[in-house]
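Shown below is the structure under consideration.
Every chain is named by a letter (A, B and C) in the order it is written, and numbering of its residues begins at 1.
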Amino acid sequence: MGKDHISKAVRKQLGKSVQGFWQKSDQRIYLDIEARALEQASHVMLDEFGARFQIATGVDTSAGIEVMYHWALDEEGCVVTLRILLDKTSPKLDSIALICPAAEWIEREMWELLGIHFDGHPDMRHLLLADDWPEGNYPMRRNHEATS
Amino acid sequence: MNGTINALTRSLNVFHLAGSACNNCDIEILDALTPAYDLERFGITLVGSIRHADLLLVSGIFNRKAAIRAKEVLAQAPKPFLVVAIGGCPCTGLMFRDSYNWLRPPSDYMRIDAYVPGCPPKPEAIISAVVKVIEGLRSGALIPRCLQNDGTIPEDLAPGMADNA
Amino acid sequence: MSKRTIIPIGPYHALQEEPEFFKLHVEDETVVHLDIELGYNHRGIEKLSESKTFEETIFLVERICGICSTSHPIACVQAVEDAGCINVPERALFIRSAVGELERIHSHLLWLGLAGHFIGFNTIWMWAWRFREDVLNILELISGNRNHYGMMKPGGVRRDINRTDIPAVRKLLDGLQDPIKMFRDAVIQDPLIHARTKDVGILTREMAIAYGALGPTARASGYDIDVRRDHPHAAYAMLDFDVVTCENGDVFDKVVVRILEMFESIRIIQQCLDQLEKVGGPIDSNPKFVPAGEGIGHYEAPRGEVFHYIRSDGSNRPIRHKVRAPSFMNVPTNRETVLGATVADATIILAAVDPCYCCTERMAVAVDSHCGERLLDSRDLIRLSCEKTDRLMAQTGLCGPSLPNY
């Protein structure tokens, strides 16, 4: 495939932190990494590849809370997604907001909607929900019933 | 016709109250003021304070945060005033009805005099609705609901949160 | 001793006296800090999407924003197509780009009008919105609605652009060239506009990159990104267009980028129409189901990249749908651009990122930093901005952009 130099380069930089990868197409690469490798991986994407942080997606799955960090490599026309699986009972990650200000708001959103804790976030508080939203009530968790 | 109601049929001051709207209706309301439709030639003007309002155009579904504020804001409108719901959102909530962040339809806590469905309703429809309301006032068929004390406004807008816990 | 006050810039359509979107902390006349509060528009769309079918969710995301109302559907259907490896016929790709570029033109005209209003030139507002009506008429001709066109579906588009309608679309585009040139010449060369917008609200390229800024907000700062060119989708790989960038990142550059982009949009639509007259075939590959998988769709909306992620489990509903609008990345840049600005300039700086209009709902508020007392609301701030323009007019003898009797 034309773009496997990107996934090869990323895997090389991240070494053993990469637990799996899937090159879906020239435009879409997915890498599974360990949670503790997030900060280093973010530095690699920003500094080595000049990637643009697009957004992060949190998903409540049966295996745990999955967090995907989507990075655009605009000059290559490719999106690299770094995927991390967290334990559902206590989902925690290091915040990357201080090295990547673009991530500051989405970490607040993932905390309030999914209950993921971001250690070291500079300004953790509600972003979208009212301040009196019940604590522990995470609307994007799968067992949450929508109000009708 | 009562003098104060008569005043509502002339040169209306319009206040736009948007709550959790996608803004399409809001832009169509503003469009009604631009040269293609030019509501100002009828003496209808947009005012920036609810205290000067004769007619409230309401758009959006009003989520939790917006609904609680809207109720406080409406209390400041001097009577009599009219409320016209613009677009499908304040009428029914549309596809946002099942949202975890929506408590109850605006009609529960706003006494709405007219509904203009559409997504968004065209400026012609909005103008037509305002004209119908004025004609209803003149003929006596329409009495502003703010003057009717039918006791339907709930005091507590937040009970829906208990369902989420 | 300088007095620290916080100024609320209330929205143009105010929910009066409410905690607003932006809370400006001001010392004397200078902004020293900005708080941003969201939440008044949060409708829980991502969760709602999980209860909709793939076709229904397109209608849902269309209503995220009234002005980017085709941008979200295009990104969403692309995410579904990426997830399911679904093909799209060539004719549909040209229709997608044509509708998307028509939206870009009317969105930029809308913004231009509001920007003119915020600095006291209501003539710009009325003219820009008057020409915007012509674009909405064409969209109504094509799709049946002025806004919320309902054109997109996974696998293609829902309606064709009839060959019999193409002459009317071409006539509109020809009719827009002169007015946009009028705006370009009147606004870009006007010394009063320069005085109000040059070196005002500068976002450096470094800051634009750090915040992940998008669209004209990024390109005005020299951050040369455009999803149409960088990650070709719809018909863009088959079309010839330029990406407009500036260097200073001030409000003026943001105005320039948006005005000049409209010319590029006209070029793109003309090419799409040329192709639609030649390329036949279906407009929909008619996928019957979305296999299990995940996909990403991104599209260059008028405000920047719209990003959708879809995960499917093979049923007819997404099990996860992530939506990220460009304003989510652009609005935080205001923390940098409004610092050090005067109160009179705050409105135009905050508006310059073209927050999706539903984000400008309640633009800004200022409260006294000592006692928390509200001092000024949005109307006051717009008034201060207009008064600054009046003062400049009086001082310089200039009278602002001259829009000829069109």
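Side notes on the structure shown:
Criterion: a contact is a pair of C-beta atoms (placed from the backbone, for glycine too) under 8 Å apart; a residue touches a chain by one contact, two chains touch by 3 or more.
Just so we're clear, the structure is a prediction, and the values are computed from it rather than from any experiment.
Looking at A-B and A-C, the interface holding more C-beta pairs in contact is that of A-C. Relative to the whole-protein C-alpha centroid, the nearest chain centroid is that of C. Between the CA-based centres of chain B and chain C the separation comes to 27 Å, rounded to the whole angstrom. Averaged C-alpha coordinates give centres for chain A and chain B that are 41 Å from one another. With centres set at the average Cα position, the gap from chain A to chain C is 26 Å. Those residues of chain A in touch with two or more other chains are numbered 129-130, 139, 144, 146. The residues of chain B that reach two or more other chains are 65, 98-102, listed in rising order.
Among all residues of chain C, those that touch two or more other chains are 39, 42, 44, 47-48, 51.
Against chain A, the residues of chain B that register as touching in their complex are 64-65, 97-103, 160-161, 163-165.
The touching residues of chain C, when paired with chain B in their complex, are 13-18, 39-45, 47-48, 51-52, 56, 59-60, 63-67, 69, 110, 125-126, 129-130, 133, 146-148, 356-358, 361, 379. Within the complex formed with chain A, the chain C residues making contact are 38-39, 42, 44, 46-48, 51, 82, 209-212, 225, 230-232, 294-296, 298, 305, 307, 309, 311, 320, 322, 324, 328-329, 332.
For chain A in complex with chain B, the touching residues are 129-130, 132-134, 137, 139, 144, 146-148. Chain contact summary for the complex, chain B toward chain C: residues 16-28, 30-31, 34-36, 48-50, 61, 63, 65-66, 69-70, 72-73, 76, 94-96, 98-102, 119-120, 122.
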